[in-house]
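Would you mind keeping the following structure in view while I ask a few things?
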Amino acid sequence: MVIVMTPEATQDDVEAITDLVAAAGGEAFASRGVNRTIIGLIGDVEQFATLNLRAMPGVADVVRVSTPYKLVSRENHPDRSTVTVRGVPIGPDTVTLIAGPCAVETPEQTLEAALMAKAAGATLLRGGAFKPRTSPYAFQGLGEKGLRILADVREQTGLPIVTEVVDAHDVALVASYADMLQVGTRNAQNFALLQAVGAAGKPVMLKRGMTATIEEWLMAAEYVAQRGNLDIVLCERGIRTYEPATRNTLDISAVPVVQRLSHLPVIVDPSHSGGRRDLVLPLTRAAVAVGADGVIIDVHPHPEQALCDGPQALVDGDLERLAAIMRDFPPLVGRTAAVTVAATTGGTTTVTTTTGGAAAAAPALA
Amino acid sequence: MVIVMTPEATQDDVEAITDLVAAAGGEAFASRGVNRTIIGLIGDVEQFATLNLRAMPGVADVVRVSTPYKLVSRENHPDRSTVTVRGVPIGPDTVTLIAGPCAVETPEQTLEAALMAKAAGATLLRGGAFKPRTSPYAFQGLGEKGLRILADVREQTGLPIVTEVVDAHDVALVASYADMLQVGTRNAQNFALLQAVGAAGKPVMLKRGMTATIEEWLMAAEYVAQRGNLDIVLCERGIRTYEPATRNTLDISAVPVVQRLSHLPVIVDPSHSGGRRDLVLPLTRAAVAVGADGVIIDVHPHPEQALCDGPQALVDGDLERLAAIMRDFPPLVGRTAAVTVAATTGGTTTVTTTTGGAAAAAPALA
Amino acid sequence: MVIVMTPEATQDDVEAITDLVAAAGGEAFASRGVNRTIIGLIGDVEQFATLNLRAMPGVADVVRVSTPYKLVSRENHPDRSTVTVRGVPIGPDTVTLIAGPCAVETPEQTLEAALMAKAAGATLLRGGAFKPRTSPYAFQGLGEKGLRILADVREQTGLPIVTEVVDAHDVALVASYADMLQVGTRNAQNFALLQAVGAAGKPVMLKRGMTATIEEWLMAAEYVAQRGNLDIVLCERGIRTYEPATRNTLDISAVPVVQRLSHLPVIVDPSHSGGRRDLVLPLTRAAVAVGADGVIIDVHPHPEQALCDGPQALVDGDLERLAAIMRDFPPLVGRTAAVTVAATTGGTTTVTTTTGGAAAAAPALA
Amino acid sequence: MVIVMTPEATQDDVEAITDLVAAAGGEAFASRGVNRTIIGLIGDVEQFATLNLRAMPGVADVVRVSTPYKLVSRENHPDRSTVTVRGVPIGPDTVTLIAGPCAVETPEQTLEAALMAKAAGATLLRGGAFKPRTSPYAFQGLGEKGLRILADVREQTGLPIVTEVVDAHDVALVASYADMLQVGTRNAQNFALLQAVGAAGKPVMLKRGMTATIEEWLMAAEYVAQRGNLDIVLCERGIRTYEPATRNTLDISAVPVVQRLSHLPVIVDPSHSGGRRDLVLPLTRAAVAVGADGVIIDVHPHPEQALCDGPQALVDGDLERLAAIMRDFPPLVGRTAAVTVAATTGGTTTVTTTTGGAAAAAPALA
């Protein structure tokens, strides 16, 4: 932490700060310049934060130097992590395809979408049973009935389930069905929910708040991690900007930026960021090429009948091209697509996932 | 709702839409131009929204014409509303000052801040017992202990209490102490919480999400209203922009814009928008002058020791100037400051509020 | 300037920097902490900027501490400046009203608008002869013919002229007619134009770029000032945000923020920021109340026929209310409205401006 | 164009509009609904724009339906264009690499950078002689001396030159040296400059304004096209958002969006958008994968000594990886890298460029 004094700050002002920091168990080094004095602080930043140094006489600015997140930071955990969802890895060696319907509507629609997803190479099934909607008049999801449909479709297809939870008090219920709990963009600072999913013992997919800075996003992950759960996958899904041509602006740069700051895997949602079907495949290619650890994509057998976000769902004709992207691009970034072999026997689903090692030669990887 | 077709759209494309709308009980009028056809829809917009018209062949754009909120809209409720909080009005005839500490820390600090607030003309006491914080390492509030302190200070000062609730399942607890429930900026799309406060039977102050459009903000209010509670006060508290000089950018224009769209009262938070003490009084003047129905301001007896947002709290020396603003500016916009006379007898607090009529002559009011 | 090293930086990395800074004539003080080293630099920041310290091994961040603008900064010029435009002051003691048509269309329309402006208390006439338009198909202004109309109307009304210049090579022409040169929001980083108006010997009104940070805006002013012209008035006119309800978002906080950073006067354009007639008067009240040194407002005798921005121009019925604002609000912020008495005799216009001293008692001023 | 009336609009209000439109030579169709009337207009939109319909009584909103740009639109020019710069194509069949130093500093540095660029597969050389800089104290470029250096380096390497022009009155000078004129982000609405480059008879690279919407960017291109020049290449270079981790946010989605709206080629600048060397290669991969028609990249032999934007320039070690990207990724999107064979004989440079046809099978292309 660095304290920048105003040009008018007195020697007493400087000493008041160095004394205060010393009393809090830290050290303060003042560097006096021609116009200003700068004070560097060494010690426990969280404790300094409680000192309200910014309000002290003579202080012009307080610049934080170390990162405010610890558990999810790469500083103390230099190796990038792999999160495993019922045997399916999401991490630096693979490109995982998660796909499925935006919302679970019927058993038939969900199964059809799951089979489309699987045919395109998906190893995890997405699908919403609880939908947070901006309008109270919009379809809000099927709730537990939707969770049961997802569980049935997992049985039939072998695909583990990723599904959203929107209320802290539904976490136990959703976790009893889901293989991975999703926290959506509107709940990115719903701290009660973040803590609850952190305690639920299931992997978590944490979408970026649609107006969260990268630092706020990592702080949200820190809330989950603090409850003892480091099986967190971050999902970039577009941010709010002034540009109206797309629903949100996919911040593709966030992928390498976050991978440098945090050891957690980062995936991309090309469906919700653009909100337009014609952008999904180009953005999927961009996501894999930039180095994302996976993508999550809406598919729907009959998007014109979808109760939620139909205009962005991929349809049958797109899936072959999606499969081709998942086959051709990962080797160019030194990865394999995550491949799952599922054997369903009776009521038990056994999932075996084979992830190839990174290609021996990956010349295009930076 | 208006459907704009692409130049390539065929007659069949147009008919497919008019048929679909008719089947849904609506009417569709096609206007054919040289280059394009436009289709106007008349009927139930919510139902049309489920038709996914945007995904139909030949559709270039779907433009919504009517507002998606109904209960909070001024369309069907042209008179602006006054919300009364334990006898204190917030509405078009008054300028209500809500003040108090950002966070409740101790009984002494809360009482001192409340007395400062009252001396400056406040008729409602703000104070946080549950604090949503970006960092899990920051002070999170005293919880129910803080609520009890607030109730004691209400007893001592006669000021009704406004306090935040951050989790749907704390609503009953907080409502048992508070006179008005605040929903904070980070929870502006926490729909479970919005519905819960809507059902709690207490007035609600709904802060604008820090990146919510005005329409999204009004939709959030609609969630509250749907549960039967129209005692909602909207609070503009700054939006996220690219400008780093202030914590957020106070969207002062939002006040008259919202007052035109909705009948609900709108107040301004000049403390959290700027995040700087030196901006609080100028922004308070601007808020009253633009026509806000009130302001909510942080005060703290010892901001250098504050556990939360000390740098923006007003201190003793500022309060006389705040009182002068509350005295001099409201008449220029045809309002009176809300004045409260509180008589505390035993365990019962009787609050009598006198609000003068609008000044007879208000030449500067637009 | 402060250099923050990475946790992995070596002692050699630190010494490489201190040596480089010393070789450039500066001083560098390293403060070593448990995890990181921080280096404070003292000396000529502009020179340090050429060292590319950010690219040196071991550097995590470079934090600039002093302001990059000098001539317009308040650091070396603590008193706020008054700029005088042909006798009309814009500065800390007054609230100057500048009004007129967005674009000069005809002699009649311009004269009529000028008389409307004058009746409302305006002491300077705005009017565009060169219009920068987003679309090449939109009306681009009358050019020199428009300047001649403005000069005639100045003759008839005694109001000095503020008009925009959009190309560096038109500066001499425009300056031969205008009393104040306006640089518009789209040219806020047209550095050739900024330098040319800086050399023209006329006061300059510099609108904020619609997406300029306050620092960039002050840097643009520095370009003007560098050419020897400190008669610069800054004009806040709304910034681009995600909110669609208004054309731009008026950054009302920018007024006190800039007044603290720079000695230059700051005015507000409530017409272009909102783009809506119904917002002009509320935003004018907010601007005066927040402490702006003036406002610039579009008026038009027949806005339904205006060739540019008609929907935001004030019309006759609004002007009495505008006059009332200019009469009632300035005293509450310790100012007087600038009053001009113009005597036109033959070809010479004599302008006498009386600006009252600040009100003796200004209790609401912060 | 669609006019949406308010619920209170009268029949007379509607007729006033239909009459006005008819008088202007257009047709107006009114569709009356339960709550509102909608009027569709057919005819010349530019003419309607002069009618100020928004200001008519009873009008709630005016919605433009057709695009405001014509010459650059794909509506009347469905095939995507290829722009050829001294024999080097930029268009839908190729991925063109433009590289070189941000600023021309010395003959040696420029030549070294050009050779680095060429080795990585560049077929065009970028380099700035006129630099628009936010600070007047920053290096502003070598001017014509820099242009001569670029011409010499073209002679030595065979690489055609792309260089920026910042003032309308320098266009002839710059065009006498350059093969392609660049208009930078700060001049995206400098209409005098846009018109001047449109008339210069050289291909133009038009960077997106750092806060321009896609529509404004295409309108800027329309200014160039209006002067008879359709050899325009659009360059996405990042937009201003609230996220501080990168200098700007690369709007990768803009590439397919613009390619759908306009026939002009679109390239990406991964250097300036992120402002960080570590992001250049990942963003280059993303750009090629999303379907960009080229990339423009800063390289510098000694970035630690660069006078401008050193921290983002690629250095020697990165170039092999850049070359690999340019070799491996284009075939996956059905393209070839543009390959140039230059034979320099005496004072004449003959450039032969071979661009392979699109790969026969391009399964991943969407």
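To keep things simple, chains are lettered A, B, C and D as they appear, and every chain counts its residues starting from 1.
As a convention for this text, a residue touches a chain if its C-beta (ideal position, glycine included) is under 8 Å from a C-beta of that chain, and two chains touch if they have at least 3 such contacts.
Quantities reported herein were computed from a predicted structural model and do not represent experimental measurements.
For the pairs C-D and B-D, the larger set of C-beta contacts lies at C-D. We define each chain's centre as the mean of its Cα atoms; on that basis subunit A and subunit D are separated by 32 Å.
Averaged C-alpha coordinates put the centre of subunit B at 42 Å from the centre of subunit D.
Work out the mean CA point of subunit C and of subunit D, and you get 30 Å between them. Residue positions 211, 240-242, 244 of subunit B each touch two or more of the other chains. Taken as a contact graph, the chains are fully connected, with every chain touching every other chain. Every residue of subunit B that touches subunit A in the complex is listed here, in rising order: 46, 49-50, 52, 54-56, 68, 132-139, 166-169, 186-187, 189-192, 210-211, 216, 219, 222-223, 226, 240, 303-307, 310-311.
Contact residues of subunit B toward subunit C in the complex are 211, 213-215, 239, 241-246, 249-257, 260, 273-274, 278-279, 281-283, 285-291, 318, 321, 324-325, 327-329, 332-333, 363-366. Those residues of subunit C lying in contact with subunit A across their complex are 2, 4, 7, 27, 29, 31-36, 38, 40, 42-43, 61, 63, 65-66, 75, 240-242, 244.
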